[in-house]
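Both complexes below contain chain A, partnered by chain B and then by chain C.
After this line comes the complex of A and B, so read on.
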């Protein structure tokens, strides 16, 4: 008997579509009005962009194995948003320099994470959790949470508003970003070596892969990607506050898991994480439409995660 | 009290492989029986049947003339059979005392572990080896901090802590120094006097003659001879282990007849030292297939890993006349060196990744950016068909392949790099006969194309059939070099056991 097998990213996309159609039948929703439905869909996708970008770095470190995880992603998002805010000061010509600075700062934070993990043999969980605390503390000490600054008009125009044929700029950036991530993971030596160290670091080393350098590079890249996420988030929210990044942390891990990336490393895709981000945003939007209280939303989100991941676990069990 | 153990016509199969077809031995109170055999003769299987680690498929074990059956090492222990295991059975994070009394801690009121009692008893046991270990070793240190010889002592004490009547020493002396061996042998004599029966397995010929009263020789899974040690010489014993020098016509195409002068040296090693290696020197010529023999764990693995840059070493290594010291395997790969490691799944494969990615892992940098996937598929398919790889598709996961085919993938990934020096760590282990034949042809073809190969194998026949020259390793050193007419199984086995010079002559 031929087993029907659906890959996790496809399953996540299907789930998102079903959820979306279901949400249409809720009271006060779009119902049969296609025009409203489309704009609602675009809006949901736009909202998933920010979580999706923050989940990109998370995807890389989780694929790299060795219990890889980046718990500093939320703090880096906040740090990067505040840096962008204070550097740009409302001037368009300062946007690019600000982007370069935040990417470098993010990469540096990631590099320190990687160094602690590979040289001091601190577990990624502890190392990145500690780093998260350090960054959050730094941000508080430096600006007490009220940073003087302002966004540049161009950021608002490109990130938060429709840019081309009514499509929000954020989505257009997301498409290019996804293509870049695909090339990094699937069409570069770095990506191939990343999967290799995720599966088996002894084999990787004995095949000439410099595991130390790969781990450093992966965490540095993950830090830079989280910083890019912070840059995008501030472009959307147009304000900064101390708790800006933290709510993205656990959803970014959940998105990777829902997207079918093995939490033990060595297997996964960025498309999966994008689909995962979409599912998470949709669930929370449906629950909001249904006017659920926050506690119920948390419960439903948690339960959905458990169900989805246990289904993936069963599939793997069948295959082996 | 007296005791006796008898194993009669023991049969043990692992899957389709018969490890033991007719294993026999008898051991009685007050004697030491040496159990002797070459690689793969079945001696470790026979000890495992006796101590309950594996369950026999046929035959009978008799203890004091009564048939016994057990299905676990614990059951064997309850019958008074204690084993000092070759692969140590200690828990690294637990202390010496905890390890010795694991799962049978002395109890107070039947509930609480009696810590004081444990300490006293451990002290008494340690007293047996008093003076041969460091002062830093006592009952409360975790065993992970101990050097190999002290670990071995703890393992020995653990085995005798429940006062067994029959003691199996499986390579128990391998990591002990002379003083410690001497102490162990004093203890063995004491045990003999107490009426215990001892089975002694060792790869050191000298020790066998020093301590054993009788011997039993296994060959190809059968007991072929038993007798008193005083009636036999070292040379005769080796002959028993080898049997008639099997006329072995693998595919030996009489390499000697090529008649060309000596080829230049491609890889030279002088006084190589690691934790395991005690000064190894060798030279491999262009197009040479150099065999690396000896019993398991005599430093073959360390030698290959050191040459490949995976473990640090002291000593001088030259490749094509240039001195090198590779800090990382990637530097060795750059010098066209390749390694097929000994543990296929742990060191050679990326289990859940595709066959293609396994083949391409060291080569991706040759495919540009973005990677030219079509070309990588073409190259992968070419190597797969060269190696006659049985698979459906290059994108299938590598763990869908059989053992022999998975090994072909590991070799294939290096063929793509066209290595000048190929290091092989027991590559035919667990590979079917047909695939072995293909390997032999491949190795000979590579040599004729000028590749230099160092080929370690635990299969003596394979070495004898394939190699022009064999280095035999014994305890971290090269014990003997066999070449031309000197390549006989008897000499290989004698050198593997560290036999004295005259039995090698």
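After this line comes the complex of A and C, so read on.
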């Protein structure tokens, strides 16, 4: 029997479209009003940008295999948001230096993660979890819970408002970002080596891939991408607080899994993660529209996630 | 293939490094808190440590077969919520015991749900248990929306104040756990656990019932989570629908400190139990070393990373020397 197979990213996008149309029939939703429907769709895509960007680093780390996972992403998002906040201080000309600083800091955090994992042989799960504690701890020590700062008007204008033909700036940035990720994963030596070490580190090494350098580079890049996520998030929320990044952490992993990337590494795509982020944001937005109490919303979210991954997140059976 | 000596050592004696880490943190704790070795203090400490120890033991079995269970904390929360609402502060002793039985069953059912999805539908463990952790966590909040309620004080006091033969219950429970494990490890089932963790495909090809074994580990984990939930409810005497949330990552950290490889196939119960005790002692150190409130998160994380990095650093030096 031949199985009909749709690639996971396509399945996730289809699912998102179906969910969105379904959500139109809910009470107090857009109904048959196309104008409202379009603006709501744009808004949901805009919201998925932030999760999608944070999931980018997660995608790289997970593809790299070796139980790869980045649990420090949430803390890096908070750190980078607070750094942006305190460096920019409301001046447009300081936005670019701030961006450079947060990217470097994020890369440094990622590099430390990678060093612990590859040189000290600490399991990625615990190394990045510990790193997350260290970063959160440092933020608490330095800021004591309140950071003076202000966003620059240009960040609000570019990230949070419509920029071009009514399309929010965040989405335009997202398109360029996705193209960049595609080039990194599918059209560069780095991407080729990344999939190679994800499938099998020993064979990759024997075929001449410098595994140590690849792991360091992957975690460093993931840190920088998470930091960019933090930069974008603060541009949207326009406030900073200690728990800003944490709620993005596990959804970023879920987005990667929903997008069909194998959590054991070696197989996956960034488009999958983008589609996954869209589905997750859509589900939570639909549940909010339905005005459920928090407890029920959590249960429905869990059940929905379980159904989605049951549809196409299954691993190969032993018998095949 | 010749392994470097430190990883060779940790493969042969997975508990070796965790024992050293545990002794070191215990000594540091002794430096800050001289009363730590007095009977009363030990009993008080063990009472607080026991819930995490139980949770960690269940998690260790799952990790041993190459899985992970991030829903355990929410199972603890369900148990706490159930006991607090169904028994109540003015419940009878019989009622409490009946509900202890029921919540253990709830733990087993919750674990079975995880197990069915992971073992039979072949979903990835981390994402499956992440999804069920939402489901269970929501259920706990549904049963008990805010912290409150509790269990009768007379029952809670058995856990909180009584020390049979001068030792807290934990001193009987933990050896019992380890003895059970030592027995199980020698049985056919015990060997299956290691076989599945080592390489599931190879185990399947040599007629190991892989799906059943994987399923069983999540049931064990759910059961142990319910036990941990009972203990923590006894300890606090009250209900809290989110009490388990921070415990999940602690349990996984304890498993790793205990020398269990996250990829499965190496480890056991004794190491992770020492890992859980280590985490408890680290908390003790932080509170007795008079560390400034602002610094606690940082110091806690640094101690854990340093403890895990120590064997690797020693390994690096050895490699350079030879």
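Criterion: the second predicted complex is superposed on the first by the 310 of 320 C-alpha atoms of A that agree within 3 Å, B and C clash if a C-alpha of one lies under 4 Å from a C-alpha of the other, contacts with A are read in each partner's own complex, and residues count from 1 in each chain.
Heads up, the rule we're going with is that contacts are C-beta pairs under 8 Å (C-beta built on N, C-alpha and C of every residue); 3 or more make two chains touch, one makes a residue touch a chain.
Source: prediction; values computed, not measured.
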>> Quick one: is A:294 in contact with chain B, with chain C, with both, or with neither? Answer first, second, both or neither.
In response: second
>> For A:267, using the defined touch cut-off, is the partner it touches chain B, chain C, both, or neither? Pick first, second, both or neither.
In response: first
>> After superposing on the shared chain, does chain C or chain B touch more chain A residues?
In response: C
>> A:67 in the overlay: touching chain B, chain C, both, or neither? Say first, second, both or neither.
In response: second
> Is A:209 touching the first partner chain B, the second partner chain C, both, or neither of them?
Replying inline: first
> Does the superposition put A:183 against chain B (first), chain C (second), both, or neither?
Replying inline: first
> Overlap of the chain B and chain C footprints on chain A, residue-wise?
Replying inline: 262
> Considering the complex alone, what residue numbers of chain A touch chain C?
Replying inline: 67, 69, 116, 119-123, 125-127, 129-134, 136-138, 140-141, 144, 250, 253-254, 257, 262-264, 293-303, 305-306, 309-310, 313-319
> Can you list the residues on chain A that touch chain B in the complex?
Replying inline: 183, 187-189, 192-193, 195-196, 199-200, 202-210, 262, 266-267
>> So in the complex, the part of chain C that touches chain A is made up of which residues?
In response: 7, 68, 117, 121-124, 126-128, 130-142, 145, 200-201, 204, 210-211, 249, 252-253, 256, 261-263, 294-302, 304-305, 308-309, 311-313, 315-316
> Can you name the residues of chain B that touch chain A in the complex?
Replying inline: 308, 310, 328-330, 333, 339, 341, 346-353, 357, 360-362, 364-365, 367, 369-371, 373, 413
